[in-house]
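Here chain A shows up in two complexes: once beside chain B, once beside chain C.
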Partner chain A sequence: MAGSEQWVLVEMAQAVYEAPAYHLLLEVFLIICIIRLLFFSKSYRPLDRTQLTEAEEEELIREWQPEPLVPANPSPPYLKYHVVSGAAGKFVTVDNRECLNLSSLNFLGFLESPRIKAAALSSLRKYGVGTCGPRGFYGTFDVHLELEMKLASMMATQEAIIYAYGPSAISSAIPAYAKRGDVVFADMAVSLPLQQGLSASRSNIRWFRHNDLDHLETLLKEQAAEDKKNPKKARVVRRFVLVEGIYLNTGNVCPLPELVQLKYRYKFRIFLEESLSFGVLGDTGRGLTEHFGINVEDVDFICSTMENSLATIGGFCCGRSFVIDHQRLSGQGYCFSASLPPLLTVAALEALVMMEEKPEMFKELREQCRLLYDSVQGIPGLTVGGNPVSPVLHIRLAEPSQSRERDMATLEAIIESCAQEGVAVTLARCIEKDEVFPPPPSIRLAVNVELTQGEIHRAAVVLRSAASHHLLE
Partner chain B sequence: MGGKTPGHDPIANGRAGHVVHSGRNGVVKPQEEDSPHGLYKHPFHESFEETPMMVAVITYMGYGVLTLFGYLRDFLRSWGIEHCCNATERQEQKDFVPLYQDFENFYTRNVYMRLRDNWNRPLCSVPGACFDIVERVSDDYNWNFRFTGNVLHGVINMGSYNYLGFAENKGPCIEAAADVTQQYGVGVCSTRQEIGNLDKHEELEELTAKFLGVEAAMVFGMGFATNSMNIPALVKKGCLILSDELNHVSLVLGARLSGATIRVFKHNNMKSLEQLLREAIVNGQPRTHRPWKKILIIVEGIYSMEGSIVHLPEVVVLKRKYKAYLYLDEAHSIGAVGPTGRGVVDYFDMDPRDVDIMMGTFTKSFGAAGGYIGGSKALVDFLRAKSHSAAYATSMSPPVAQQIISSMKCIMGEDGTTIGLDRIRKLLRNTHYFRQGLRNLGFVIYGNDDSPVVPLLIYLPAKTGAFGREMLKKRIGVVVVGFPATPIIESRARFCVSASHTREMLDTLSKREGIVHPRRTSERERVSSCSCTSSFCSVHHIICTGSSFICLELHQHHRIM
Partner chain C sequence: MNVGVAHSSPNPNSGVMNSRGTWLAYAITVGSLHAVLISMPFLSIGLAWTLTNVFHNLAMYVLLHMVKGTPFITPDQGKARLLTYWEQIDHGMQYTTSRKFLTVTPIILYFLASFYTKYEPQHFAVNTVSLMSVLVPKLPQFDRVRIFGINKY
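Take a look at the complex of A and B:
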C-alpha cells in the first residue's frame, strides 16, 4: 500500500518534470483562478441583499398594523351570562326565576349541606380564608395533609395529592409524566383540560375513537410494529392511555376491564380522569374501579375534581407513591400556585366523611340516574346520549342541521321554555375553536340525589313539551 | 446573570454603586441618570449586586461536592449497602418502559432530599404576622417525616404573601365571609357560562373594575389558571409573545399552550425588548416573513424571586411605539405597591388604560384566592365568551369572593375607615425599615427599595438549608430557595414584609439574624473588601460547606422542624 503510493508520487513528480512549460503555466493559472473563486470572490449571500437601512426599518415599523387584541364587533354577539342569585342547590334562582336545578353537577346535594357549612365555618374562624402561599412556602396546612391522607385511604391508594383548582389537577399531572417523544393514546371525547394537559406535554398524541378499544388496539399494534423496527427507541418511549371514567362530553362509561387487559398486553400506563365518576359510581362512591371491581393499582393514577360530587373547589390525584410523589415537584399547578383555602379543604374532608357514613346515597343516586335516563327517552326530535348509570345525560337534536349556530339556537329556545316552566337546564358549553374534536351541541342534564321521583318526572315532562313546541312546529 | 439593570454594564452596576455608597450594598439609581424621557416621577432604586467570582467558584464547588456524594450514595444504594428509601415501581410493571429517566431524579434524590425539611412545613393557624407550625422530625434523613405532636407557637411569618395583613381569622371580612358561607355554601358546582354565574361574582367584578380604574374585569377561581387558561384565548399561532426571562411559570405555560411564537428578553432590560420588537416587525414571521398578527409583551409587576419592579413607563413607551399589546401580571404588586395600593400602575402614577391586559391575583394582598383580568369592555366580553376558565372550570367559591369584596372595599376606603390606607402606608414603612436593617447588617439583598419582596442572597446550597433551619430554631419562618427556582449560584432566602408585622418583630428579626449570622449563614464579605479578607472568608466558606455536608451525612437523628 505504502509502496504503491510512493510510486504514484514519484510518477507525478516525473510527469511535472517532463511536461512542457506552457502546460505548467496553464495549470498554475487555473489554480490561481480556483483560489480566487474560493476565497476572494463575492459569494452569493441572499441575506446581504435584504439588509435594510435604518429608514426602511422605520418605515416598516410605521406601516405595520397589528390585528386588534380582540375583535371589536363580534358576530354573532358574545354570550350573555345568566345571573344566579343565592346558592345553586336543588332549587336555583336564575335571572330572578326560581327553577328546579338540573344543571349543576352537585350530584350528592352537598352544596347546601348544613354539616359541611358548619365545618367550613369553624375552619374559617381558625384559618381565615386564603393561604397566602404555595404548598412549598408555608402554604401547607394540617388540613391539607389530613385531606390527602383521607383521600388516599378512601381510594385505597398509597398517596394522594390535592390541587387548588379542578381543571389544573389533570392538566398539570399529564405533563409531569408524559414528555416530548412519549406516546399518549387518548380518547377522542376527552374534555378540554385533558387536551390542554396533552398539549403542554408535547408528546405524540394518537386519538382513538370514543370508547372504541378495537381502534385503540389497532393503534397499539401499529405502535408495537414501529417499536420492533426501532427497539432502541422503544426502550425509552413511554406509552400512556388517557381516558375519563364517565365522559363529560358524552355521559358514557369507560370500559375499564377491557382496557386493563390491554394494558398488560401492550405495556402502557393508564391515566384515568374521574371527575364525574368519583363520588358517583361504586358501592361506596370510589368511582370506576369500584364499579367494575378492578384493583385500583391496575390504574396508574386516578385524577378527579372535588368540584362536582364533593361540592367544594379543587382537584386531586391518587395512586402509588412512586407515581404521585413526583407531582410534588413536577406538577406545575401544584408547585407554583397558592394552595387550596383551608375552608374548602375542610368542606371536602367533611363531604368524604359523609360519604363514608351514608353509602346508601350512591344507590339512591343510581336509581335517580336510571329514572332520569328512562324518563327522557323517546322525546320526538331529540336523542339521549349517555349511560343509565351516568349522572349527566346529553340531549341532542335527532336531526342536526348543518349549522352549529342554528342548532345551538334551537336548543337555547328549548332551555328558555323549560326555564319559564320552572326547570333550569343548560347547554353543555365549550369553546368550539379550541376543542380538537368539538362535541355536537347538547343540553346537559345533571342529577341531584335530593330530587324526588316526582320532580324528575316533572322535569322530563317540561322538557318534552318544550321540545315538541320548538321542534315540531 | 448580566444585565439586571438596563443600560448598565453588569459588572459596573454592583461595584460602581458600591463605590458611590460605600458600606451600603450596591445601590444604583439607574433611572435617574438613565431615563431619557423623564418617565420616573420619584426615585427608583434597584440593586442587584453581581455575584463575586470567588463566591461563584465556591458555590460551584459546593454543588460539585454534592454531586460526588450523590454518585457515591447512588452507587451504595445500587449495591444494596445503603438502604434505599425511594418509592418503587410496582412489581407487575417492572418490565414497562421506566416512568422516569434515572438522571431526572438525581437532583431530587441527592440534593433536594437533604434540604427538604425547609419546605412544605405544615401550619396549623392563620398565616398572619405569626403562625404556628406543626413540629415534624425525620428518622431517615428527610425521606419520611413523623409528627411529634408538638406545635411551635408564635413563629414570625416572613414567608407568606400576606402583604396587607388580610390573612386574618376575625374581623369584619371574616364575618362577611361567614354569612356568605351560610347563604351560598362553599362550592358552586357549575361553570360561569352554565349556571355558576352568581350575583356575588358580578358584584366582585364590578368592584374590581372600579378598583383598577378599568372599564370591566373578570375574575377566575385560581391565579395560576388565570394566566395559563386565558393567554391561549388572546393569542394564537402567527402571533408573537415577548416574555421577560423571569416570568412566572403560569405565564410561560399559558404562552406555550397558546401556540404563539415565544421570544424571551432579558429581565427588565428595555434594550433587549426594543431590539426584539424591531427585529420582529422588520423580519416578520420566521421562514414565511409574513407580518406578525399581534405582538404581546408579557411582564410582571413585582418579580417574586428578585424583588424588582417592572420598568413600566419604558415598557409603555415601547409598546406604543411598536404597536404591541401589554399583558401585566400584578400577582405580587396589586395592593402591595402604589400610594393607594393599586399596583405598579399606581406606583408610577400612570393611566391604567396604558396597559391592555391587567392581570393579578387575590391570593396575596387580599388574603383570598383566585385571579382577575381587567381591561376594556371588549376584552372582558371576549374573555367571558372565550376563556377556558369560563367554560370548563367551576366558578369562584362564594366565601372567597366575599373575602375579596370586603378586603378590596377596605383598601378603597369604602368601608368608611382608613384601615386600608393605613395598612398600605405601614407596608411601605415596614419595607423601607426592614430593607435598611438588613443592609446595615451587611447582607446582599436584591430588588427595588419599595418592593416588599426582599431576597437575601446566600449563594451556597448547604448554607441555604442551614439558614432555614437555624431561623426556624429562632422561631422565624423564612422561605429559602435554590436551583432550579433561581440561577444555580444564586440561592437565596426570601422575606415577604407585611403590614401586619410590628416594628418589634422586624427588630427581633434583624437582631436574631445577627446571631445566626456569624456561624455559617450570611454573606458578610463584601466584594470591595480587601483581597486578604475575602480569601480568609473563602476558607471559612469551604469549611462551612464541608461541615454542613458532613453534618447532613453523619447525624443519625437530625432533628428537623
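Take a look at the complex of A and C:
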C-alpha cells in the first residue's frame, strides 16, 4: 500500500515537472495576484457613479436657495391662534364667541353624536384608553378586526387595513408599493400627506396639472415612448397614478371614469385617496367609485382618513387582499406605530352603522353643498373654487396681490368680520415650505349635514357683507 | 419583511459574509461537493477535481454575479434592486476581507484542480475559462458594469 501511495505521489511530482510552461506561468501570475490582494490592497469606497441628466443638473442648480444662517422669525399668523373652547360641532365657541361652524370637516355631523359618544364611553370602560402597542405586538384588539371587516364589506373590497393616524395611512401606503426606479404620476394639487408619501417612496414623480387628464396623457405618452426605447427597463418599472377623490386644496372632483380608461390604455395602477369623498359621495357614502358607478376593483387601492366624515381618528386603506395584505408588513405606519385606541375604533364602527341606517344623509349633504356653492357665487372680489357636489369650497381673492402675506391678511380680516357676525370660517392652512406647489391663499368652507338651509343662506350673506366691507374700500 | 430595521445596516445582504461561521460553512459546502464527486467511481480523480472547480465557479457566478436585488424588502426603498450580490457586499466597498476571501477561494480551487489533473491541457482549458468567468467580475473596474446591457434591469 505504502509503495502505491508513494508511486502516486511520484507521479504527481513528475506531472509538476512536466507541466506546460504557460500553465505554470499562469499559476505564478495568480500567486502574485493573491499576494498583492492580501497584503498590498486597502479597502476603499468607490465614488458614487450616479449620473444626472443635463435637465436634472440644471434643475438642481436652479432650485438651490442658500438658507440664511439665522432663520427669519416665523410668520405671525402661526402665533395668532383662534382659541376654541368646547366641542367643535355645528356651533363652535371661538375666542369666546359662539359661531356657526363652517370650518370643521365634520361633514356628517358625527362629532357631537350622543350615540357615538355613548359607544365610545362604554368601550373606554371596557378597554381603557390606549392599546400600548403596534398591531404586531399585542396591539390588535377584536374591535380592530371588526372595523377592518366592516370597512371591507362596506366598500365591497376583499380587505381593509386600519392606521392609527389619518395622514399616516396614505403616507405609509404609497412607499409600500412604489420604490426607487418606479414612476408615479401625481396631481399637482395633492395634499401634504400624499406629497410626504411620494417623497418617502424615492420614486420618480411626474406631476400633472390639476385635474388635467390631457396633460397626464401627454406624460403617459412620453413615458410610453421611453419604454419603447428601453423595453428591458420598462419591464421592471412600475407605474402609478395618485389622485384624490375630492381635493382638499381645491375642492375639485377627480374625473375617475376617464382615468380608468387611461389606466387600461396605458397600463398603470391607480391610487385613490378618498379623505374628503368617503362618507360624502355616492348613494350610500362609498365614495367616488359609487358616485361614478365604477367597479371598485378598477382602482388598485382606496385610502382615506376616518377623521372627516367618520369624526374619529385614524385612516384606512382597502382593496384586494393581495394588495392590502402587503401593507401589514410593509406599511411603516402600521408596523411601527401604536394601533388605534379601541374607543376611537368603536366610534368609527358606530359611525359606519349610522351611515348604513340612514343613507338619506348623503343626499341631504349633497343638496346642502349645492346650496352653499350657489349661495357664494357672484360675490364681488372673490372667486369660488370647488365642485357643486364637494363639501369643501375654497374662496379666493379674484385679484390676488403679488404678496402672499398681504392676501392672507386680507382674508383673515374677512374671517374676523364673519366671526363677529357669528359665522366661523377658516383660512386653508398649509406649511408653505413643505408643500411642493403651495396653493394660493383661500378661505375654506366646509359643509355640515346638520346645517339648515337658512343657516347656509345666512353664512353666505355674512361672507358677502364681510367681503364687500374689506374688498371694495 | 421588516429586515434591517433594528440596526444600522438597511441591507442585511451586505454583512452576510462577515457573519460568524459563514466562511467555515462555505468551506464545508465546497468540501462536501468535492466529497460527493470524488466518491463517484466512474469519475477519475482529475475529472472529479475539474468538475468541483466548474460547479463551484458556476454556482459562484450565478449567485454572486447574476442574481440581482435582495430576497426580502429592504427599508431603503429598493436601493439594491439592480445590484448583484457581489456589488452589495459591504455596501460597495472594495477590497474588504470578505471580498478577498471570495476572490482567493476559486484560485485555491484552481491550483488544486490543476495539480490533481496533472496539468493536462484539456483540463487546463476548462478550468481556466471557468476561473476567468468568476475572477473578472470581481475586479473593481467591473463594479456595476453590464456588458452589452445584459442583466442590466
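We adopt the following convention: the second predicted complex is superposed on the first by the 395 of 473 C-alpha atoms of A that agree within 3 Å, B and C clash if a C-alpha of one lies under 4 Å from a C-alpha of the other, contacts with A are read in each partner's own complex, and residues count from 1 in each chain.
The rule is short, and it goes like this: a residue touches a chain if its C-beta (ideal position, glycine included) is under 8 Å from a C-beta of that chain, and two chains touch if they have at least 3 such contacts.
Since the model is a prediction, treat every value here as computed from it, not as a measurement.
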**Asked** First (chain B), second (chain C), both or neither: which does A:L121 touch?
**Response** first
**Prompt:** Of the two partner chains, chain B (first) and chain C (second), which one does A:V236 touch, if any: first, second, both, or neither?
**Reply:** both
**Prompt:** Is A:L329 contacted by the first partner chain B, the second partner chain C, both or neither?
**Reply:** both
**chain A residues touched by each partner, larger count belonging to chain B or chain C** = B
**Message:** Is A:F29 touching anything from chain B or chain C once the two structures are fitted on A? First, second, both or neither.
**Reply:** neither
**Request:** Go through the superposed model and pick first if A:F437 touches only chain B, second if only chain C, both, or neither.
**Result:** neither
**Request:** May I ask you to decide whether A:P20 touches chain B, chain C, both, or neither, giving the answer as first, second, both or neither?
**Result:** second
**Request:** Touching chain B in one complex and chain C in the other: list those residues of chain A.
**Result:** 200, 235-236, 329, 335-336
**Message:** Looking at the complex, which residues from chain B come into contact with chain A?
**Reply:** 87-90, 92-93, 95-101, 108, 112, 119-128, 131, 134, 157, 159-162, 166-170, 173-174, 177-178, 181-199, 202, 221-225, 228-229, 232-234, 248-250, 253, 256-257, 278, 281-282, 291-295, 321-325, 356-357, 361-364, 366-369, 378-379, 381-382, 384-388, 391-394, 397-400, 403, 477, 479
**Fill in**
The residues of chain A that touch chain B in their complex are 52, 57, 60-61, 64-67, 69-72, 74, 78-79, 81-89, 92, 94, 101, 103-106, 110-113, 116-117, 120-121, 124-133, 135-142, 144-145, 158, 164-168, 171, 177, 191-193, 196, 199-200, 234-239, 264, 267-269, 297, 305, 307-308, 310-313, 320-323, 325-326, 328-329, 332-333, 335-338, 340-341, 343-344, 347, 424, 426-431, 434, 444
**Request:** In the complex, go through chain C and note every residue touching chain A.
**Result:** 1-2, 5, 73, 77-79, 81-82, 90-96, 100, 103-104, 107, 110-111, 114-116, 118-119, 121, 124, 128, 140, 143-144, 149, 152-153
**Message:** Applying the document's contact rule, which stretches of chain A touch chain C when the two form their complex?
**Reply:** 11-12, 15-16, 18-20, 23-24, 26-27, 30, 33-34, 37-38, 41-46, 49, 175, 179-181, 200-203, 232-233, 235-236, 329-330, 335-336
